[in-house]
Structure formats: structure tokens, C-alpha cells
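The following pair of complexes shares a single chain, chain A, combined with chain B in the former and chain C in the latter.
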Partner chain A sequence: MPNMLAVCINGKECEVEFGTTILEAARKMNIHIPTLCYHDDLCLSGICRICLVEVDGEKTLQAACSAPITRPLHIRTHTEKVRKARRNILELMLSNHYGECYTCFRNQNCELQKLAKEYGVDSLRFGHVELPRHTKDTSSRSIIRDMDKCILCRRCVRTCHDFQGVGALEAAFRGIDTEIQTFLDHPLGDAVCINCGQCINRCPTGALRERDRSDEVWNAIDDPQKIVVMQTAPAPRASIGEEFGLPPGTSITRKLNTALKMVGFDYVFDTNFAADLTIMEEGTELLTRLKDFIVDKKPVSLPMITSCSPGWVKYCEHYYPDYLPHLSTCKSPQQMFGSLIKTYFAQKIKVDPKNIMVVSLMPCVAKKYESDRPEMSASGFKDVDYALTSRELAQMIKETGIRVTDLEDSDFDSPLGLGSGAGLIFGATGGVMEAAIRTVYEIITGEEVPFENLNVIPVRGMDGIKEAEISFQKTKEDWKFLEGKTLRVAIAHGTANAKKIMDKVASGEAQWHFIEIMACPGGCLGGGGQPIPTNENIRKARAKAIYDEDSHLNIRKSHSNPQIQMLYNEFLDHPNSKKAHKLLHTTYTRRGKI
Partner chain B sequence: MKLESQTQNIARAVKRVCDEYHSRREKLLQILEELNELYGYLSEYVMKEVAKNLDMQVSEIYGVATFYSFLNTKPKGKNIIRLCQTVSCELAGKQRIANALENELGIRFGETTPDGMFSLEYTNCIGMCNQGPAMLINDDVYYNLDPEKAVDIVEKYH
Partner chain C sequence: MAGKRKQILFSALEPGLGLKKALEHTQTEIIDIIKLSRLRGRGGAGFPTGLKWDLAYSAKAPKKFIVCNADEGEPGTFKDRILLNEHAKKIFEGMAIAGYAVGSQEGIIYLRAEYRYLRPVLVQAIDELRKAHLLGKKILGSDFQFDIDIHLGAGAYVCGEETALIESLEGKRGEARNKPPYPTESGYMGYPTVVNNVETFCYVPYILIEGAAWFQKFGTFESTGSKLFSISGDVKKPGVYELEMGTTVRQVLNLVEASDTKAVQVGGASGICVAEKDFDKPLAFESLPPGGSIIVFNRSRDMLNVLKNFMEFFVEESCGQCTPCREGTFRLLEGVKLMEQGQCSIHYLRVLRELAETMKISSKCGLGQMAPNPFLSIIDNFKGEILARDRVTDSIPL
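== the complex of A and B ==
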């Protein structure tokens, strides 16, 4: 029985465990205490002081987020002293904060702005910064830093170091000189940043944001010469509704199709189609590696690791360059799609690919960097011209005045608009693995995976690292070498977990054959380009929406997608064919750790 | 070739210092202090080598190195003069000492003389509050200063 203590907050009484923080106790009692540097996903910091409360017997106000309860306490959360202190803190922060709210992309979604309103800040008592003191860092393909708006809460630093294990950002210097910087204040584009954008999602103000490409996309839409093709990834469809006031976990796939057509996109396709294609290519690649290893005794790089997540790919390039051969050579679904549109689809509709613009809706900031990679142009054209985040597209739709929630449903266009449920679950951690298992198992044994309703439960859920085993019985003639063998797989999400997995691979301790790694916690649905805020509960709600949608689809296995079969018949011949290799596979670059 | 051997020497020296502290993360400050002493400042290369040895992110090393005013991330003069700027020294006439030092050396606070002999900086309290104004030159403490005395002391370091 843990040591329970009586706590009284604002006259309400409650018993809490020894060591519970005042903030946790207050939340349990449904009493609101404002926070700013505190974030559900991150370790405690206790530096912004906005959560100050009055504790009887303590001389000074206490920071509720980081003050543990170690004796019975009487706490008051809105005395005059507390209210004055909070307003003071806000006024001091605002005295150092440059920028006008109405020109800020976080207008009406800014925690600083919200608190200033909540605590009645009606004048800038300590003055206001008149001119910018920093230049915006626009060096990165994905992330823009505007340090004039930074309030030094260090959420980005904790996200980068602890949550993601990357460590591109750090608080440098001290006191009044403190700034959030990269190593030696190098431009972010040259730092070890993996572009995951998790920092954007944690930033309480507008100091961090994605590189906005919506103007370029509007130009393409307005240009009558251009055919603008949109592909939508699975994760944003389960989250973009949040930008329009819907609760997390509301999937609006088909309404979004209607909206996108109204915005002016000529074709709306489904990235799930390319996800299915990825499974065909990657699954074949895995089986080939296994065959080379077992039958031909060739030296191959096992375990094979997925390459769908551009944040993870860049992490691997920086931190584990020696293990790049372990990455699947498959491009991510986004890039496969782009390259098919500029070849297969261009031929079909008889249009010069130079007049086709491919725009993608992604939950991801790193996709911007990925689409700008020089090697992503096997067709002779840039595979994907612009990658938009859920936030940017929501902004574009808002500009049109279209009310997405009131629209009729409509389907994707043909022939690249049919995706299976396997492609859909790419949006959640474990999804790629589940999709791969559904297909690979059936290729080898001719039977469906031995899980109820095709739901491979062991690879689902929000555990940082998941493991599963599948053994093959009654294998088909071509795959006899796998008879009785067990395929061991692992899944990690968040690069901090990826590091744990990779260290095991590096030490030789790992016994896995196939690993799925996603850079963002929760997988794509928790991506850096998703609506703000994101936290554990929101991620779970989005995951549920994605799995629910999968369970209601007729086609739930990548290889059963008729449009995929048609694509191979008409264009690519067979998985991992020469043509497929040229268009759908890629190479990686060794990068430094620093 | 020469440059290469120089960097190798630095890498070896950093490794030696890190090994002394068993490359433990919590010994970072001591390691940086020693290397700061050895080279006068912590260069980009030194910080990267420390990060490698301690299996830390180089940005963390940079954060620590910039936090402490006695660690330098830029080259400094051979002698570092640190004048106390805290209240009691301020009241005891710090400003006159500051003016005299700036005149004598021909540089402002935060700068280094062109011959690389002196860097001039402010420091917070050095515990000489009852005998201010006070300053440090490298590790030596001088107190009860007046402008003439301060200039005489500095001359001894030429």
C-alpha cells in the first residue's frame, strides 16, 4: 500500500500518493492550473513558473508541475499573490517576444496568446520589442526557426534530446544571453536535424514552423497549363478534422476528397495505393534477402529495416551510417507515387510529365526534405513537387471558405486511387509490419495470416518497442526453405526507441529479421506535420480511427488490390523488376554525426 | 600532413583527459575545464572529440561550454582579466577601474588585445566584497584596487 497523503486544493480534499506533483493532484481533482513549459510527452523542467501556486507553510510560491507532495498540504491556486505573479511572468515573457499575433501562423492556436488572455494581460508594462533581433533560420528544407518568438521554455530541446534522441537543439549561454541554438549556431539545414518536426508540435508559440509551400501549390492550381495531382496519406485523414473543430480520431477521408476537388486539384489519389506497392516491393525484397541468406548462403544485410519514414532514414544516415545497407532500398510510398504519376499515369492520360505537378498531403515535415532529395527523380522529373502538412492543407481549405464537415462524400480517382486496408494502417506504428505480414505470410503459405480478422494484434499499440514472431508451416513449393522457420520482427517508433533497437543490432544481440522503424512517436499519426496539439491520448484516438477504417474495408491485403495487379501487368512486370528498381527504389547517403 | 598530425594530437589529448575520468558523462565539467586550461579555449574540434568520447551529443557539450563563463568557446588572450561587476564592487568604484583598464589596454570589455596578450571581461562576485573593487587575472586575485594600482598590476603581466 503506497503512502497516501491528504491534500486540500482550494478547499477540495483528496488523497494522493507520496511524491505526486501538485499539478497531477490538481488534474485528478479537475482543478485547472495553467502550464507552459510542461508537456505531457516530455520530462519536467519547471522553468516557466506559470504554474505557481500558494502552499501553506512555504515562504515562496511553488511550481505545481515539479513540486512533489511529500506531506499533507493546503494549496490555493488563484490567490491574489498567485494571480499577480502569473500576470507578471506573462508580461515579462511578452516584453521579450517580438512579432504581431495576426501575422503569426499560430494565431488562435498559441499557448502564450491564450495565457495572456486568460490572465488579463492588457498592457505591455515592461515594454515590447520593436524590431526583430534575430534573422529567421530558413536553411532547412523542412523547418523554419524564428527565434524572435521563442520564450525559452525548452520544450524543443527536451523533444529533440530526450523524446527523439537526436540532439540538434540545445540551450546555449546563460541568463539574459540564453538562446536556443544548434551546435555553434550553425544553420539548422547543416545540423544533425532529422526534420521530424516533433519540435514544431511541442512549441507553444510560433518560433518553429514548417516551410510553407502552399503559395507554390496555389500557383500551380491557378496555372491552366498544369495538371495538379494530389495524393493523400492515411494519417492526415484521421487528424485534419481537428483543424476544423472535430474531435481527435474523426476520419474524414471521403469528405476531404470532395474538398480537394473544390480547392482545384485535378486528380485526387490515395497514397495507400503506393503503400500497397511498397509492401509488394519491400516484401519481395525481404524474401529475396532471406533466400539469398538461407539457400544461397550469400552475405546479405539482415535484419532488413523499413525505409518509409524520411525522419528515420536521415537519422540512420547520421547516426548509423554503417547500417545503411540494412535499410530497404524501397522509396517511401510518397515518392513511389510521384514517380508513377510522372511515368505510368502521364502515359495513360497522354500528358507531358513536365506539365504535371504532384502534391502530397502528409502528416510529416520530413517529407518536404525527402521530396527535395536530388536522387528522387528517376523519371527525369522531380517525383513529388510539393509535400504539404496537414496544417498547411487545412489552411488552404480555410482560405477557400469550404466547410469540409458539411460536404458530401466522394471517392478517389482511378486508376491510382484504390488502397487496401493494409496500406491504410501504414499511418500507425506497426502498420507497415502488419501489412507486410499479411502479404508475406500468404505468399509463402498460400493461406491468410493466422490472426482473427487479419488483425495482427502483437504489432499494434503504443509500446515503444514491440516484438513478434510468425512461423511458417505448410509452405508452398517455391518457399520450402522457409518450412518450419520463424520470422522474428520488431517495431520501434520515435527515434529514441530506434536507437535502442539499433544498438542491439550493432552489438549483434538482435535476432530479428525484419524491423519497422518510424521516426515519430505513434508512427505517422503522431507526425510533426499533424495538427497541434498532439499528445498520447490524441495519438491513441487517431490510431483507433485508422484501425476502425481498416476493419471496414473489403480489400485488406496489399497483394489483393486489383489496381496493384493491373499496374504490374501493364507497366512494371513483377515486383523488384528492372523497371521497378529504376523507378521505385533509391540509395542513401552517409552523413556525419555532427 | 602537418595539419593532420595536429588534429591527431588534439584527438589523443582529448581522449587522454576523457579516459582520466573514465569518459563519464557526469565528469563533463572537469573534462572541459582541463581542456580549456590546456588549449586556452574549447575549439569546435575539441568539443566534437569530447562528444565522441563521452557518447554525448555535441550540442550538449556546447550548451555546457557556453553556460560557464570560465569556459571559452573562442580563442582568448594569454592573460584573462576579469573585473568584478557585482554590487559591492560597483559601489566601491568599479567603473573607474574599468575605464583605466580600457585605456591602458586600448580595448573594450569582451575584447582581446591585438597582440593576444590580454582579454578583458566582467565577472560576477568573486568573494572579495569587503575589499572591492576586485579583479582576477588568470587565477590571481587583486583587491582594494584603484586605477593606478590596477594599471601597475596589469603591466607586470606584459
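== the complex of A and C ==
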């Protein structure tokens, strides 16, 4: 029995465990205390001081978010002292904040704005900032920093440092001069930033956002010469509803198809198709590496590590450049898809690829950087012209007045519109691994994976690092060298966890064969381009939506996708063919740590 | 009339005797002696030293640390410097006794960066103590071991705040942590840590030699012993004085031959500014918290200017973490400047007063909680002078 303490908040009594914070206790009792520097995902900081409450016996007000309860307490959350302090603190913040709500992308989804309204700020007694004092940092392909709107809550700093293990952002200078800066104040585009966008998702204000490409996409749609092709990734479909007021975990895939057509996209395809293709290519690559290693005793880079998360790829380029040969050479599904549109599909519809624009709907802001990488144009054309986040696309749809939630369902277009359940679960951490196992196991043994309903449970869930093993019996003729062998796999999400895995790989402590790494917590469904806010419950709800959808699909294994089979027959010959290598694989760049 | 001058720290002490006495006691006996002496920390807050040690003693951990706070950053304060320079062995002996009492083998002295020139003096004192078996392994032939490292500070005032000091020791940006947990529970590297001021440690060997009852005889009931003060400003005889706790402001002024005094800032920039009406109050934790310094201003001084200097100091020294201090110090200074220019309305002065009250109760650490002290005490105690400038107008601010 843990040590329980009696707590009384605003006259309501409750028992809490020793060490519970005042905020946690209040939430348990359904008493709302405002917060700002606090975020469910992050370590405590206690710096904004908006969550102050009055505790009997304490001379000063206590920050509820970070004050642990270690004795029985009487707490009051809205005394005159507290109200005055909150007002003062909010006005102080606003007095040093430059921004106009109606031009701000966080308008109506801004924690600062909301607090100002809820806590009755009706004047700015300490004045306000009349002119911008910072130039926007637009150097990054993915992220725009507008420090005029920053209120120094440091959620981005903690996200980047603790959650992502990157540390691109830090507090510089002191006192009133304090600023959030990159190392040596380099432009973000030149800093060690992996473009994951997790900082955006946790910023309470409009100080951080993605580079908005919706105007360019509108221009393409408006241009009668251009065929504009949209591909939608699985994770945004399970989340974009949140932008339209639906609860987290409501998948609106087929309504979205209808909306996208109404917006003006000529074709709407499914990135899951390319995810299936990735499994074919990456699975084959893995088996080849294993064969080279076991049979031919060639020096190969094992474990092989997934490469579909561009944030992770850049992390690896900066922090583990010696391990780049371990990355699968496969492009991400987004890029594979774009490459095929500009070649295979262009030939099919007999249109000059220069008149085709590929736009993707992604959960991710690193996808913007990825699509702009110079090596991503093997066909002679840029694979993907514009990668939009869930937030940008939601904004575009809002601009049309279309009520997505009221629309009829419609299917994806052919022939790149069919994705298996395996492709779908790419959106969740462990999904690529599960999809790969479903296919690889069957290639090797001729049988389905020995898990009920194909659900490879050990690789699912929100643990930061997951491990699993699967052994091969009754292997087919070509794969006898794997008979009785055990495939050891690991999965990490959030680059802070990736670091832990990589350090084990580097020290030789762990003997994995295949590792899935996603830069974002929860995998793509927790991506930096997803609707704000985010927390573990929201991410779990999105994951559930994705796994539910998978379990209801007829085709749940990548290699069983008939359109994939057709693609190999008509165009690519076989996985890892020469043509496949040219169009679907890529190379990486060693980068420094500064 | 001279102030009551009672010498403790400035009286001779046989090196090692206090430690020897300590080793004759059990750990809890020492803690009880310190508690009984009612020694309170000399770093500013006046926390009971025996209680602090008891908390660290009771914390279960494989390692504990004793940290001596020698960051002395309060403007006008240089009493610790004198102790470091001339009485280093007393400090180290006090630290060793603390180590024995709480069960720690490692001491760290966090030395203000500007005092780096004192390092050789400290190193030499440590060496000599080691040679005399008063530091190191098998201290005085017992099984107790304790040694001391010197760590140079990071050069910011806030690093004197104990949790910011610990952050700085760990190589991070010197910023205050959330409390609780207090350092006695989780301090340096997460281990229980006693942080005491230089001066606090110095009293310890005396108390062990002479006894708690002897120490209690000095000072007031709530503030026992004596205290060092750096006295500066409009006085004939500035310097560091050891005075009994409870000495009044007026006695101090007489002692240092101040004349025509208008105001006295007690406790450095974070302290309060008292006017003539309070000169008979005693310097003691229960009345005028004594801090380490006393700055005297005579009638020729412009109190608004005095205030401006203090507020500039805080704007400069705020670590910038928490909103009330980061933004509030800036707004208070801005307000003072408005007053200087006659642009501050009575209404806005009230707004600033309320802000100052908010900062006191809402800032994360002592710096922001005390930064409004000079503002409030000067505005309140010298209201007449400030309003009479006829530059405080009723025009709308900003």
C-alpha cells in the first residue's frame, strides 16, 4: 500500500499517493488548473508560473505542475492572490509578445490566446510590442521560427533535448535578453536539426510552424496544364479529423478521398501502396544481406535499419555517420511513390512527367526536407513536388468550405490506390516491422506468421524500445540457410530512444538483425505535422484507429497486394531489380554534429 | 556609543580541536548540538543549520555531499572573502564536521569566479590539513575520511542560489531548480547534499569546542551568535565587522561613524531599505534579516537613483527562466525610469506595486522573490521624496 495523503483542494477532499503533484491531484478531482510550460510528454520545468496555487502554510504560491505533495495539504486554486498573480504573469508574457492573432496559424488553437481569454486579461497594463523585433528564421526546408511569438516556455527545448536527443534548441542569454536559439545562433537550416517538427507540436504558440506550401499547391491545382496527383499517408487519415472537431482516433480515409477530389486534385492515391512496395524492396534487401552474411560470408552491414523516417535518416547522418551503410537503401514510401508517378504512371496515362505534380499528405514536416533532397529525382523529375502536413491540408480544405465530415465515402483511384493493411500500419511505431515480418516470414516458410490474425503483438504498443524474436522452421528450398535460425528485431520511436538502440549496436552489446526506427514518438501518427495538441492518449487513439482499420481489410500482407504484383510484372521486373534500384533506392550523406 | 562587539569568528581557534571533539560524539549527537545552538545559515535565508544536517543525515543514499557556498555575489558583500583568505581552515574544519555528522566523505567548495586568485590559499590550507590528518583518509586516526575539492563558479549572481549552484556544479546553465526536492534530499548528482554558507561552516568548530549553551548566549533567542557584516557607503569606517546578532541599525551607524544618514540597505540588493524610523530595529532574522551587507546612504542621495541601481542589478542577474522575475524585474526598472522622467502616474505606480507583490510570491527562486524588496521598501519608506519629485505625474503611462 503506497503512502497515501489527504489533500483538500477548494474544499474537496481526496487521497493521493505521496509525491503526486498538485496538478495531478487536481486533475484527479476534475479541478482545472491552467498550465503553459507544462506538457504531458515532457519533464517538469516550473518556469511559466501560470499554474500557481495557494497552499496553506506556504508563504509563496506553489507551481502546481511541479510541486509534489509530501504532506497533507489544503490547497486553493483561485484565491485573490492567485488570480492577481495569474493576471500579472499573463500580462507580463503578453507585454513581451509580438503577434497578431488573426494572421497567426495558431489562431484559435493557441494556449496563450486561450489563457488570456480564460483568465480575464482585458488590458495590457505593461504595454505591448508594436513592431517585430526578430527576423523570422526561414532557413529550414521544414520549419519556420518566429521568435516574436515565443514566450520562453522552453517546451521546444525540452522536446528537442530530452525527447528527441538532438538538442538543436537552447536558451541563450539571461534575464530579459533570454532567447531560444540554435547552437551559436546558426540558422535552423544549418543547425543539427532533424526536421522532426516535434517542437512545433509542443509549442503552445505560433512561434514554431512548418514551411507552408499550400499556396504552391493551389497554384498547381489552378494550372490547367498540370495533372496534380495526391498521395495520402496512413497516419494523417487517422488524425486529420481532429482538425475538423472529431475526437482523436477517428479515421476518415474515404471521406477525405471525396474532399480531395472536390478540392481539385486530379488523382488521389494511397501511400500505403508504396508502403507495400517498400516492404517488397526492403524485405528482399534484408534477406539478401542475411544470405550474403550467412551463406557467402561476405562482410555486410547488419543489423539493417529502416529508412522511411526522414527525421531518423538525418539523425543518423549527423550522429551515427559510420552506421549509414546499415540503413536500408530503400527510399521512403513517399519518395518511391513520387518516383513511380513520374515514370510508370506517366507512361500509363501518356502524360509528360513535367506536367505532373505530386503532392503528398504527410504526418511529418521532415518529409518536406526529404522531398527537397537533390538525390530524390532519379527519374529526371523531382519525385515529390510538395509534401503537405495534416495541418496544411486541413487548412486548404477549410478554405474551400467543404464539410469533410458530411461527405460521402469514395475509393482511391487506380492503379496506385490499393494498399494492404501491412502498408496501413506503417503509420504506427512497430508497423513497418510487423509488415516486414508478415511478408518475410511467408517468403521464407511459405506460411503465414504464427500470430493470431496476423497481429504481431510484441512489436506493437508505446514502449520506447521494443524487441522481438521470430524463428524459422520448415523453410523453403531457397531459404534453407535460415532453417532453425532466429531473427532478432528491435523497434524504437523518438530519436532519444534511437540513440539508446544505436549505442547498443555500436558497443556490440545487442545482436539484432533488423531495426525499425521512427523519429517521432508513436511513429508517424505522432508526427510533427499532425494536429496540435498531442499527448500519449491522443497517440494511442490514433494507433488504435489504424490497427482497427488493418484488421478489417481483406488484403493484409504487402506481397498479396495485386497491384504490387502487377507493377513488378509490368514495370519493375522483380524486387531489387536494376530498375527498382534506380528509381526506388537512394544514398545518404555524412554530416557533422555542428 | 560603540556597537556591541562580540568576537567569535575573529577569535583564535586551535586547528583540529573542533573536529577532534566532533569525533568523540555520534553523528546524531553532533546534529543535536548544532540544533541546540540554534545556529542559522548565514547565506541569507537563515535556515536552521542543525535541521538541514538532520535532513541530509536521514536521507538514505550511497553517497552524500557537503557543499560550501562561496559564491558571494551580493553587491557590497565581501565578508566571505575575508574568511576564505584568512580563516580557510575554520571553513574546512566545519565542512569536515558536517561531513562526519551527515555521513559524507566529499566536500566541494564552490568559489566565486572573481575569487579565483584565492585558490592557491585554499589549496595550501587543504594540503596542510591533509598533512595534519584533518582531511583525507583516517582523519585523526579514526575511520572517518573526508576530502575537499575546489570548484570555480560560473560568474552569475544566481549561481549562489543553492539549486542553481548545484546545476552549475553539474556543468549546466546556472538556473534554479524546482524545490522540493530540496538539496538535502536530492542535490549534487541526485545525492543528498548540504549546502551551507562559508560563514555558517566557520561557527561549527567553535560550537563543538565551547558548547551550544555558550553560543546561545550571543545574539537574540531566534538569532543566536554573531554575524559578519560588510559595511559600506556613506560611512567613515567601512569594512567587515563581526557584530552580535540583534545589534540595531543605529548602533552600527555609530560604530562606523556614519552621519546624516537617510537610508540603510540591509541585506544587499535583495534586502530592504530602512529609513530613520526603523533605525532602532535589531539586525536579526526575526526583525531585519541581516544578509551579509549593509549599505549606508546619507541625505545627499537620490533614493530613486539608488533604487534604479538595484533594479538594474536584478534585470542583469535574473536567470530568465521564470516569467515573473524575467519580465517583472524589467518592468519595475522601466517603471523607475518612467518615474525619473516624470512619466509614471500614481495609477501605474499602484500597478507596479501589485506586480512587485506578485513577484515576491510567484517567482521560482529567491532572486525573483527578493528582487522587489528594494522596490517596495524604497517606494514605501521614501514615498514623500519620490512623490515630491513633482515628476510623478498623472499622465497615462506608456
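Here is the rule we go by: the second predicted complex is superposed on the first by the 594 of 594 C-alpha atoms of A that agree within 3 Å, B and C clash if a C-alpha of one lies under 4 Å from a C-alpha of the other, contacts with A are read in each partner's own complex, and residues count from 1 in each chain.
Everything below uses one rule, namely that a residue touches a chain if its C-beta (ideal position, glycine included) is under 8 Å from a C-beta of that chain, and two chains touch if they have at least 3 such contacts.
These figures come from a predicted structure and were not determined experimentally.
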Answer with clash or fit: chain B and chain C placed together on chain A by superposition.
-> clash
A:61 contacts which: chain B (first), chain C (second), both, neither?
-> second
Where does A:44 make contact in the superposed view: on chain B (first), on chain C (second), on both, or on neither?
-> second
Just chain B (first), just chain C (second), both, or neither: which does A:183 touch?
-> first
Across chain A, the partner (chain B or chain C) reaching more residues is C
Touching A:52, do we find chain B (first), chain C (second), both, or neither?
-> second
Where does A:92 make contact in the superposed view: on chain B (first), on chain C (second), on both, or on neither?
-> second
Give one of first, second, both or neither to describe whether A:171 is in contact with chain B, with chain C, with both, or with none.
-> both
Answer with first, second, both or neither: which of chain B and chain C does A:126 touch in the superposed model?
-> second
Taking the superposition as given, does A:161 touch the first partner, chain B, the second, chain C, both, or neither?
-> first
Thinking only about the overlay and not a real complex, which stretch of chain C clashes with chain B: 38-46, 74-82 or 128-136?
-> 74-82
Which chain A residues lie in the overlap of the chain B contact set and the chain C contact set?
-> 171, 173-174
Please give the residue numbers of chain A that touch chain C in the complex, ascending.
-> 44-50, 52, 59-61, 63, 66-68, 70, 81, 84-85, 88-89, 92-93, 95-96, 125-127, 151-152, 171, 173-178
Where on chain A does chain B make contact in their complex?
-> 161, 166-174, 181-184, 191-192, 593-594
Residue numbers on chain C that touch chain A, as the complex places them = 156, 173, 178, 180-181, 315-324, 326-331, 348, 351, 354-355, 357-358, 360-364, 369, 397-398
Within the complex, chain A is touched by chain B residues 44, 47-48, 51-52, 57-60, 62-63, 66-69, 73
